[in-house]
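There are two complexes below, and they share chain A, which is joined by chain B in the first and by chain C in the second.
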Partner chain A sequence: MFLHNLKYELLAALRVKAFIFWLLIFPMALGLFFKTAFIGIYEKNDMFSTVPCAVVLAEDNEALRTVVKSIESDEKPLFKASFVTDEEAKELLRKEEIEGIIYSEGGRLKLTVAGEGMNETLLKAFCDQYNANADVLTSTAVSDPAKLGEISEILMQEITTVKDNKLVNGNTDYYVEYFYNLIAMVALFGAQIGMTITINNQANLSALGARKNCSPTPKSVSVAASLVSRFAVQTLTMIVCVTFQHFVLGIDFGEHLLLVYLAAILAGILGVSLGFAVGSVGKGSRSTKEGITTAAIMFCCFLSGLMAANMKSILKEHVPFVNKINPAAVISDCFHCLNIYDNYDRFIEKLIVMAAMTFVFAFIGFILTRRRKYASL
Partner chain B sequence: MENTVVKIDGLVKRYKDLTALDHLSLEIKEGEVFGLLGPNGSGKTTTINCLLSLLSFDKGEIEIFGKKMSPTAYDIKRDIGIIMQNVAVFEELTVYDNIDYFCGLYITDKEKRKQYVEEAIAFVGLEDFKKFYPKKLSGGLLRRLNIACGVAHKPKLIILDEPTVAVDPQSRNKILEGIEQLNQGGATVIYTSHYMEEVEQICTRIAIMDKGKKVAEGTKEELKKMIKNTETIKIEVRELTEEIRKKVSELPHVYLAEYKDSQLTVACSGGKHNLIRVLGVLQENELHIGRVYSELPTLNDVFLEITGKALRDKED
Partner chain C sequence: MQVFDLFFKVLKKKYVAALVFIVVFLVISYGLSNSEDHTTEFKESVLDVAVMDEDGTEQSKALTEFIGKKHRIKNVDSDRENMTELLYWEEVDYILVIKKGFAGNLAGGSDELFEEYRVHDSFSSVYMSNILNEYVKTARAYIASGADAEAASRMTSETLGRDTEVTYWSDMGQGPEEYSRWFAHYFQYMPYILISVMLSALGTVLGSLNKRNVRARTDCSSLSPRKATVQLFAASAVFVIVIWLIFIIAGALMKGGMYEGKAWLAVLNSFVFTIVAAAIAMLVSSFDLDDNVVSLITQIVGLGMSFLCGIFVPLSMLSEGVISVARFLPGYWYIRANDMLCGTTAFSAGEFAVCIAIQFGFAAVLLIATMAVRRSKAKDAVY
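Entry: the complex of A and B
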């Protein structure tokens, strides 16, 4: 009986056009929109990692050559420096083949750039650091020449370690948060299909529910089959969503892709349960319940930062408990933890919170739909 | 003696101050096509919903197949087929899948179910529409699908709640023929409607309801005998004077004679040759007579006489 119900509930759920739009097409379109909007930022970030520049030496500077060589030998160098003449350097800058010219005169560095931006800032930071270190070495040579070698070694180490170091194996990119929130939104849109569980099984909400209630199939079996079918459909949706974002849009979810899938699936199941619970409250019409559910989802997503990335931080400062009970925030936090922390403790904690929320919502749904007779239809 | 299939005793259902069912009692025997006739809001659907244990009620007892009905009386539910007033099918499933789904809620044997589903499709004449989705079906075909979903498992008791609302005449006839066939196949049928012609056509026994009460019950012949009217004569005639109208009203067996909009309406109670006598009076006075009708009483007349109002509004 359960399998018979499940088979047709699955078939029916997979064919609802509104769900196909809201759960698949809309998030894909929004993902594309985000990607398009952030593409410039991504490209700039990519250039930040290797900045082309020219070095013009007024006199030979062995120390500078050593430092530059050391930086360039890194796996992902911050600079790519060319030692050229002044004319050649200016020509390269004019052609925009380099971001700046570093002049070495009297042991100190000067910088000439053609624009403003992260790359220019980085070059300036390097020059400032070099000059500061040169000053330290000069004063050490005067005050305590014996320590010159030791100081020189320390300073060299300091400069060569100025590189893009990842703390964890995730993607800490600020903009990837939008894609986490998008996954959270898709997961919560599962509430729409969760809501139909109640509508299709309650005699006071639909003729279909009334007919089912007249059959010899126990209501618990019918509701359980509906719930499992929605879980399955939403799981499929979440897999498609993450796959599309990662493999089609090229969003970097770090090196824990399988865990991203796991979190997304659990989030989707949470969304379905949320809809099941919301749909079970009160007797409103289908359209009323759909409206309430959609509004609730969008509000949760707004609070979690889908529309304004810093919203979660604002709430954390003023009303921290909101982030703890907002399913959208919990879901996006889960992804966040996966990419920020170098262990899984927080990630697992968030998964447990999601599982607990799922259980609570499903329990509420079951309790409220268990009613067998109605005062009015 | 015929077995009692449904027994409703002193059923009371209230919605706050409104009494939807007022001590309703019914007994339906095996093999009957029992009609629940009444205007909209008379309590027919409420009765059905209480019968099916969908609706709670304030007072009374309901027994089906000799057992007390309850939401968990699955053994009773197994033998009931329900055709709702509103079409209750999955929009996303084909005709075949819908029937198979609902049949599968009652029948677990796959082979048996397959056979039942094919029979139900043939029964409602949807053989050419098996792969169609409900959206692609006309109103009449959709109603037929609704019926197939309710009867595919071959129930002993079939409840039809206004199944022909907004249905074209062809589909309506097909549905009514189908109900008669189901009854001939051994099913007991409860049929609710506010269309008296349908109830007269197919029901073997009828209960007339108004304001949550049963106002009359019996076969259609028994119901018609309950009222004074046996014949209503309508004659198109011009310039009928009050004197002549009075003469008509004084004829034997005539208890009402009205003249309005060039039409004389004469209601008779019993007797024979009433029409000849009325026409005789008009001819004596050399009046020009137009069309003449003689109507036997209908269930509407029964309802009108018992409740003082028509069974259904003119727009119905």
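Entry: the complex of A and C
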């Protein structure tokens, strides 16, 4: 009996066109848009790259040429300078081919920039340091000329005073968070198919429910078959979603792809359970329940960073408990922890929270759907 | 005027989604209008730097104070997970540990005075390492010239704290006064809203009126099909103009005055795009689609054009490949015109006119396609 019900529940679930659109096509399209728009932004904006600039000399400045040459010979040079005339430099700045113009006049540097940001700040820091060194040498030349050579040598020395500790070995491009949240959205959209379990089994909500209630199949068998079929369909959806993101869009989920699949499947089951619970509450019509659930899911996804990736971080500072109870945040955190941390502690913690939420929602669904009797159908 | 009235009767039942888009857009724009700032002079980037002072000497405190003059010093837990989260989300740009023995080694000896923690290969890491190296070299130069360690720290902070004269080239990257950054942003996001409003309201209303049965009933009535089409077109035009006017009037009210100078060109640009958005809605509505499908198309066309054409992410951030594709979409030409007006790119009257003409071209092609679809449907129809 169970298998018979399961077969038809599966067929019925796969034939609802709206689900195919919202659970498969829409996330794929959104993922494609995210990918096309965010590709390369992290490298362009956040990662260091050599700053192009122009140097205009009022008179020849051999010391400056030597310093610039020394900087340019570094493995990762701070900037790359072209020695040009004032007009050429301004033209380059206008065309946005350089970030600033360094003017050398009387042994001191001045800067002209056309914007604000780390590139310009780096150029200013260089000018500040050059002028400071000039000041030190000038004051030494006045106070103790004999030490000028020694001081000059110290100032020109290449030293490394900072020991580098990189904390993350995974993908540090935080634009990947949008894709984690997209998976969370697809998982929670599973609530829409979860909701059909109660709607199709409750006589006061659908004609199908009325017919099922007249049938001799025990309600527990019918509901269990519905639930298992929705879990199966949503599992398939989640596998397609992760596969599309990783293998088609080329999203780097770190080294634990199988665990990403596992977390995504569990997240999908959580979404279906959420729908099962919401569908069981109250006597609202199908469209009312669908509308409220969609709005609630989008709000959860907004809070977890689907529209602005750092939303979770903002909430963590002001209302940290929201991230702990928001299913979308818990799901996207799973992928985040898997990518960022070397150990699995936080990942397992998030999986346990997801499992607990799934259990609670499924429990609510079963409690509210059992023993419903109708005086008339 | 039955068809004209019918359009608005159907609209009454389908206006909620469009209203939500309009209200959310205006509320967000109003919020942003109060936080506008106009840059006239250069300001250095300020970093959030966490300093963990393991040395605790006068020299290490002087260094922390020196960093704090230009950047914000933050206190953070030394817990590794906490540091990782803060750095990953860029709540803290740089975590510096001043190692024990810093004061002793400043005069000479080991160069390993600091440790840094980082997540990204970022500018802040390169910048701070550079600042710290220079600080140490300058302090050592003062010590070599005879100053004691404390005096050397003080003099180093003073010397390195002197600012270079910076000229901010204000005619670069700035818009004209009458078309400020806020206006540029207001008009930049408008295409997404226009497409969403047109598809969710105009598209669904026209879709309902174009349903096979409704169309068949209208066609066999005493009203000639030509008159019905004219009335439908007039009602659509009224709706489109009202929606566009709402945004234009709201923009003027939020800025507290009438549009001036180049801002009028932005108004023209938005009007042309409104026609494009309406044409997209008309084309979609001619396919006799389910409301659910129209809703999906609304999201895909609206978000797709916004992501690909520089509406959500500036054109300068998009890759060449994406821009090549975007050229085939009207949103790209709208944003190119808008970028010219706000000074992101150089303004050229000829190029602006080209952008407007191309948008008109898109609208014309879409309208021709709509007529072709309707004609082919009418030809195939068997009532």
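Methods note: the second predicted complex is superposed on the first by the 242 of 377 C-alpha atoms of A that agree within 3 Å, B and C clash if a C-alpha of one lies under 4 Å from a C-alpha of the other, contacts with A are read in each partner's own complex, and residues count from 1 in each chain.
Everything below uses one rule, namely that a contact is a pair of C-beta atoms (placed from the backbone, for glycine too) under 8 Å apart; a residue touches a chain by one contact, two chains touch by 3 or more.
Every value quoted in this text rests on a predicted model; they were computed, and no experiment measured them.
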Larger contact residue set on chain A - chain B or chain C: C
First, second, both or neither for A:H318, with chain B first and chain C second: neither
Partner chain(s) touched by A:E116 [first = chain B, second = chain C, both, neither]: second
Contacts of A:L78 with chain B and chain C, given as first, second, both or neither: second
First (chain B), second (chain C), both or neither touched by A:H4: first
Partner chain(s) touched by A:A37 [first = chain B, second = chain C, both, neither]: second
Partner chain(s) touched by A:L208 [first = chain B, second = chain C, both, neither]: first
Touched partner set for A:R346, first chain B, second chain C, both or neither: second
Touching partner for A:C127 - first (chain B), second (chain C), both, neither: second
Footprint overlap on chain A, comparing chain B with chain C: none
Chain A residues touching chain C - in the complex, by the definition given at the top: 17-18, 21-22, 25-26, 29-30, 33-34, 36-41, 44-48, 76, 78, 93-94, 109-122, 124-125, 127-129, 131-133, 135-136, 140, 143-144, 147, 150-151, 154-155, 157, 159-168, 172, 174, 310, 313, 316-317, 340-341, 346
Parts of chain B lying in touch with chain A, wherever the complex brings them together: 15, 49, 52-56, 71-72, 74-75, 77-78, 80, 82, 84-90, 92-93, 97, 100-102, 104-106, 108, 149-150
Residues on chain A engaged by chain B in the complex (per definition of touch): 1, 4-5, 8, 11-16, 203, 206-208, 210-218, 372-377
Touch list for chain C against partner chain A, complex: 39, 42-45, 80-81, 83-85, 87-91, 111-134, 136-138, 140-142, 144-146, 159-160, 162-169, 172-173, 292-293, 296, 299-300, 303-304, 306-308, 312-313, 317-319, 322, 325, 346
